[in-house]
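The same subunit A turns up in both complexes below, where it pairs with subunit B and then with subunit C.
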Partner chain A sequence: MQSSDFKKVFELLLKESDLADHGQIPREIALFRQTNAKRFFELELPHRKTETWRFTDITPLTRTSFSTRLSVHDDLISPQDISGFLYQNGDFTNWVFVNGRWSSRLSQDTSCFGVQVSDLHTAIQNSNGMFARHILNAENGTENVFSALNNALLQDGVYIHVPRGTKNASIVHVLFVTTDQEHPSAQHPHNIINVEDGAELTLIISFVHMGKATPHFSNVRTDFHIANNAKVTYVKVISDNNGGFHLDSSHVRIGASSSFDAFSATLSGKIVRNETHVQLKAENSTCSLNGLYLAADEQLVDNFCSIRHGAPSCQSWIGYKGVLQDKSRGVFLGKIHVERDAQKTDSKQLNNNLLLSDRAFVHTRPQLEIYADDVKCTHGATVGQPPDELVFYFRSRGISPETAKGILTYGFAKEAIDKVSCPAVQERLEKYILERFLGKTMGKEE
Partner chain B sequence: MLEIRNLHAEVEGNEILKGVDLTVRAGEVHAVMGPNGSGKSTLSQVLAGNEQYEVTEGQVRFLGRDLLELPAEERARLGLFLAFQYPVEIPGITNSYFLQAALNEIRKSNGLEELDAVDFRKLLEEKMDLVAVDHSFAERPVNDGFSGGEKKRNEILQLAVLEPRLAILDETDSGLDIDALRIVAEGVNRLRTSERAFIVVTHYQRLLEYIVPDYVHVLYKGSIVKSGGKELARELEARGYDWLKEKSAVS
Partner chain C sequence: MADLKDQTGYIGSRVEQSTRELAELTDREYKYGWVTPVEQDTVEPGLNEDVIRLISAKKEEPSWLLDWRLKAYRHWLTMTEPRWANVTYPPIDYQAQRYYAAPKKRPQKPGSLEEVDKELLKTFEKLGIPLEEQKRLAGVAVDAVFDSVSVATTHQDILARKGIIFCSFSEAVKKHPDLVKEFLGSVVPYTDNFFAALNSAVFSDGSFCYIPKGVKCPMDLSTYFRINAAETGQFERTLIIADEGAQVNYLEGCTAPIRDENQLHAAVVELIALEGARINYATVQNWYSGDQFGRGGIYNFVTKRGICKGAGSHISWTQVETGSAITWKYPGCILQGDDSVGEFYSVALSTKRQQADTGTKMIHLGKNTRSTIISKTISAREGNNSYRGLVQIMPKASNSRNYTQCDSLLIGNKCGAHTFPYIDVRNMTSRVEHEASTSKISEEQLFYCKQRGIGPEDAISLVVNGFCKEVFEHLPMEFAVEASRLLNVSLEGSVG
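Our next item is the complex of A and B:
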């Protein structure tokens, strides 16, 4: 019954957004939205018996009555408010979205080199055949009710196109800011990233909330289309507040001899779920999904990584580390699927968890499904508290047990952050964990 | 400086130390030798404050304080140092970071100002030169991926930086080849002062060729069965421990 209430809100929203876009969007996209709207109402909301959501109870989300209004005001935010979240270095181009809508006013430094960036709205208005094809490809994964909702709304987001052979393009940083609204609000960004043959892209997407712990919901969908001999580095950072629900679903298709190197950092949020679905569609490509998740209080962080090896001689790696404090929960599901033709697959996955409290806990399930016979696949998981033996070593050097645990936690998290391929982001994350676990910037030299 | 009286300790209900007596004065080097399982490592761990070992009887006074009442970190701040037989690995934390944190905790509790990164770096480089370790040690994660010999040398570097009043070297020679042993011993010898005492725990006499002790004690079945000068170590090398075992069985 609660779920029907939850859906009713979005029924109104869908109607409103239909009216708003009436006649202004290509027919095939309108049709796509209608199909997905239908899916949204057909599909059940996840519950305890839904296999991939077994340990992720989203009733706090579905019980929240979200505002039906689409209007967004970005005028309460000044450029100074967000300057600390941007990357001011000249290599970056910053695109800012407020409550799910692109803000041309706040996206000051959008001049960029080599790469075409626009907001999804504009991209839809000027859409061509290729763009529509990419949108329609988002059909993948619509067994997810939230993805269906996102597709049905197709509100806004970022569209990035990296033309054939582009190298040394600007690093694209997309910042999604949410602000406190009168009623709990929702945003549904839909991002499409298209990287052509031989092109390279570094993309950073960050999510921040400015305000108090007002409930808000980010329902994010990001699609990557990576052609052949291409290289994509992607970092996503979620620093939501304690009222933030964040459901994030990324779909990645990789061509031949390409690489996709992703890092996902979840630093806070009430309920966060990151889904990453990768399809290795052609030979000799590599995919690495690394991540760090930190949870405290009663937060819940769920990471679901799935990699489908559909072609021979590809390599994949999944490495996620989690730190759980207080009464928080972590959920990890890693799925490597190796198809019959995907011989010479080389795949590893590892999930390590550090529990800093007796009341925190973790469900971890690294899984392998292999239909080829000539493959190398390993998987593993660890869950534990800082070992007494290590803590004693610190104490024998004059360091208190509390500080020892802080330093050990910092070291644990730093090992994950060392995998971030973009130095500016790595530095910022490192500073964050230093402050979070040690409360000061000790021992750093410039 | 250190007075151990009738020390009894057990781990998981097994009594390991059965009445150890030992007195160490400033500037002295004491060797504690003994066969495997005699309680040498237990003695080291108990003095350092490892809570896995339970002291059931006896007293230990260190610099006028009741050592057994203090948690491990306060013993270290007071000037006690243990070079571990099996130093742990700490991934993600550099030696430099670890040692700066430790030194500043010790300085703070002794009423000294904390060292900033620049001053600490200077000190660390001096100490690395003093004990002949490569400067690359500074930015490597503590013991992570270190060879056995490197780990032992890293313990001596920590000793040099933290400048304790009493250093216990627990089987620092184990797993070292002869060259590494000499480097480690030379490092230790450079750290000998009239203010600082050492307890060198070892199974073999070999290390004592390089770190020459003032006193040698034989620990057997949890108590000290014989004490003497440095010549006792040579005698043990020549005769083994069996003659002492027989002697202790008779008494």
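Our next item is the complex of A and C:
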């Protein structure tokens, strides 16, 4: 299948979604969709010569013939099926999307304290000026062909609004479930998060697939609008199956004296790309982007973080750690851009990779672009395997080399997970890595 | 409280004063900006196959070399100029350049100084490179290249006794065609990139050097490049071959007159180190950099690459880049032999409107190969400086090691410093580390020095020299002194 065919599929899909929404959406949003649809057809699909996609070959994705139907509800899922993925603790409110569409049936108890949550569809129907403005802000980043597609479809997603001064609100957990369908399917969630002055929000978004390794495509776009003196904690966990293509792009705009603390965990998926674009628009804000990516088999994980310092006295931190096994590939691109006026910027960037196989491959590019002089910027990258001395230390105590490597890998990943600011999620991730790196050997050693 | 306020106010004003004084220091003129009035033998501006044939004919080249040039030219026609570097400049009109310029009066016999035009000897003497027998630099053999030709090579006789060949490229083509034929284009093929293809088509002169098996070169070898003619590009080609166990230190220097138009310099340097050989290649690049409005200056688009062919070979690049309006240069090492070592030490300074996009490529192919990259960039006034480097560990390069450090120093708030590292690892037993930092010379540092009676000029020089120390350590003594002096001159008046 050629890439032009790939676009053709979505041409049909766009037509269909136009019909579905005919006349029901506000004019400016309809216009926004049209412009993005045009953009989608104008833009080239990324290829090897596209600088930011150089090492991420998406031909397996563009060669897949996706269903031209809009994905529909799968009523075969029962609340029990997904209960393991939800956070049952009373502090959480769970919103569930099945194949890209909000499921009111599965989203049990959506009443939550302090935050207004709704699905994008409802939000569009009841749209007011502010909502439209936020949608239209999604213009930026449309040089990405997949973002343009997402904007053009504006299918569904979550809309979260945290009013001025809200503190101790419920933690919002949004779960995107995909299920096996007859043909390879695609979902295009579009999330908008709006945090007003002095408000605080903790948001967890997780992606899971229920079923076998059928190919499916998640094309996610998440926009954060963070006002002044606000605080946002965001955790994203991707545990797709091995047929999953996941392209995720987050755009974050941060006001004055606010903080944005994000963690991205990629645990599986065939091709996963996480793009995070942060703009520090006003003084004294901090942004920290942490992540852990684990890849095995022939998986490819690509993390692209870009932070643009547009105002003085902001701090930023990028810290990503990766473990690569088998024939997997890890790609990292970090970009810190300090504009001329952004004096007193303090920025650090670090990417550590553990290569556990001779056929795995790491490509890392921690970049700095600095146009201001009174700044402190550092970056670093490492690639290696657990040092022999450490393995020997374990062996001299009667622990097999496999277990030793497992413990060391667990320790490496654990360091990243310690950065997760939400304890319930941290605990779950920790359990996962323990099982993944030590599950096989633990029983034996005891 | 009021006292404290007064005091800080006082300190503030002192700092201001010191920066102001610094700003008032006038720029020293570019020392090498004069033109030598010699009669020139040039070709008409423009580039086509006839020009290439003419250059080849003027140099009395064998037909295989002309064919090679033509092949390169035809390939060049199919290529587009690279625009990925972080530099901006107006499009270059390749048809407006002259591709050959040589002084008319030239000795028929290479190596005989009596016939060399006195003007030329004076030129090089003025540049600090006396070529006459009695005045020659004692420990260094020099090949002096003036526009498109080599005018003289010193100490050839002493070197010849050891079996070392050190001569101009044209001479090598005539006297040692087999060596040239074997190695020319073996490290940088004409298909490599746009500027390498252009160079392969029109290259004029350069140095050729062969160190035989087991010979340690008794003196440093050096080439001095001088652009003199207007509207002329310099396209030299250097080829250095160190046979098994040989060792050589090679130095390169360059200057050009002050002119308002930009001149193109597209050179190719190829280094070949066979088993156990060692090549140290040092450059102090001081081409005219243009004025503070960005007028004039050299476009320095250079391809330099070395290959560590044999086991245990060693190639070290050291560069001090202070000149040129635009620098586009990535000296690299292909570490093919097991246990081979590649090193890159660089200081790049961009001030006024200079733009530099420079770095290195370390390609690890053999086992236990090691590479070290130390890059120090200094940006001042409206200069922009980018480090761009590739470290690639291929699947068979087990136990390879790379360490990269790139530090940037910013002086003033209109300059920029950027870092674009590319790290590719395909072998699990290898270790790669990369670190980078960006900082500035603060008023506080200057004030601290001033308190201790160190003037602002010396204070900057102190900080900058400390910053670059790790690189200067790898330069031969005379070069290190020269390099540090160059930095001081270029940075004068840049704070404030």
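As a convention for this text, the second predicted complex is superposed on the first by the 437 of 446 C-alpha atoms of A that agree within 3 Å, B and C clash if a C-alpha of one lies under 4 Å from a C-alpha of the other, contacts with A are read in each partner's own complex, and residues count from 1 in each chain.
In this text, a contact is a pair of C-beta atoms (placed from the backbone, for glycine too) under 8 Å apart; a residue touches a chain by one contact, two chains touch by 3 or more.
All of these numbers come straight from a predicted model, not from anything done at the bench.
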**Fit-or-clash call for subunit B and subunit C when the two complexes are aligned on subunit A** = fit
**Message:** Between subunit B and subunit C, whom does A:F10 touch in the aligned arrangement: first, second, both, or neither?
**Reply:** neither
**Message:** After the superposition on A, what does A:S357 contact: first (subunit B), second (subunit C), both or neither?
**Reply:** second
**Request:** Figure out whether A:F97 sits in contact with subunit B (first) or subunit C (second), or with both, or with neither.
**Result:** neither
**Partner chain in contact with A:W317 - subunit B first, subunit C second, else both or neither** = neither
**Request:** May I ask you to decide whether A:V383 touches subunit B, subunit C, both, or neither, giving the answer as first, second, both or neither?
**Result:** second
**Prompt:** Given the superposition on chain A, which partner contacts more residues in subunit A: subunit B or subunit C?
**Reply:** C
**Request:** Applying the touch criterion given at the start, work out whether A:Y87 contacts subunit B, subunit C, both or neither, answering first, second, both or neither.
**Result:** neither
**Asked** What angle, rounded to a multiple of 10°, is defined by the Cα centres of subunit B, subunit A and subunit C, with the middle one as vertex?
**Response** 70
**Item:** Where subunit B and subunit C come nearest after superposition, their Cα distance in Å
**Value:** 14
**Item:** subunit B residues touching subunit A - in the complex, by the definition given at the top
**Value:** 48-52, 71-73, 75-77, 81-82, 84, 87-88, 90-93, 96-98, 100-106, 109, 117-118, 120-121, 141, 158, 162
**Residues of subunit C touching subunit A in the complex** = 84, 393, 395, 408, 410-440, 442
**Asked** Which of the residues in subunit A come into contact with subunit C in the complex?
**Response** 51, 340, 343, 353, 355-385
**Asked** Which residues of subunit A touch subunit B in their complex?
**Response** 388-390, 392-401, 403, 407-408, 410-415, 418, 442-445
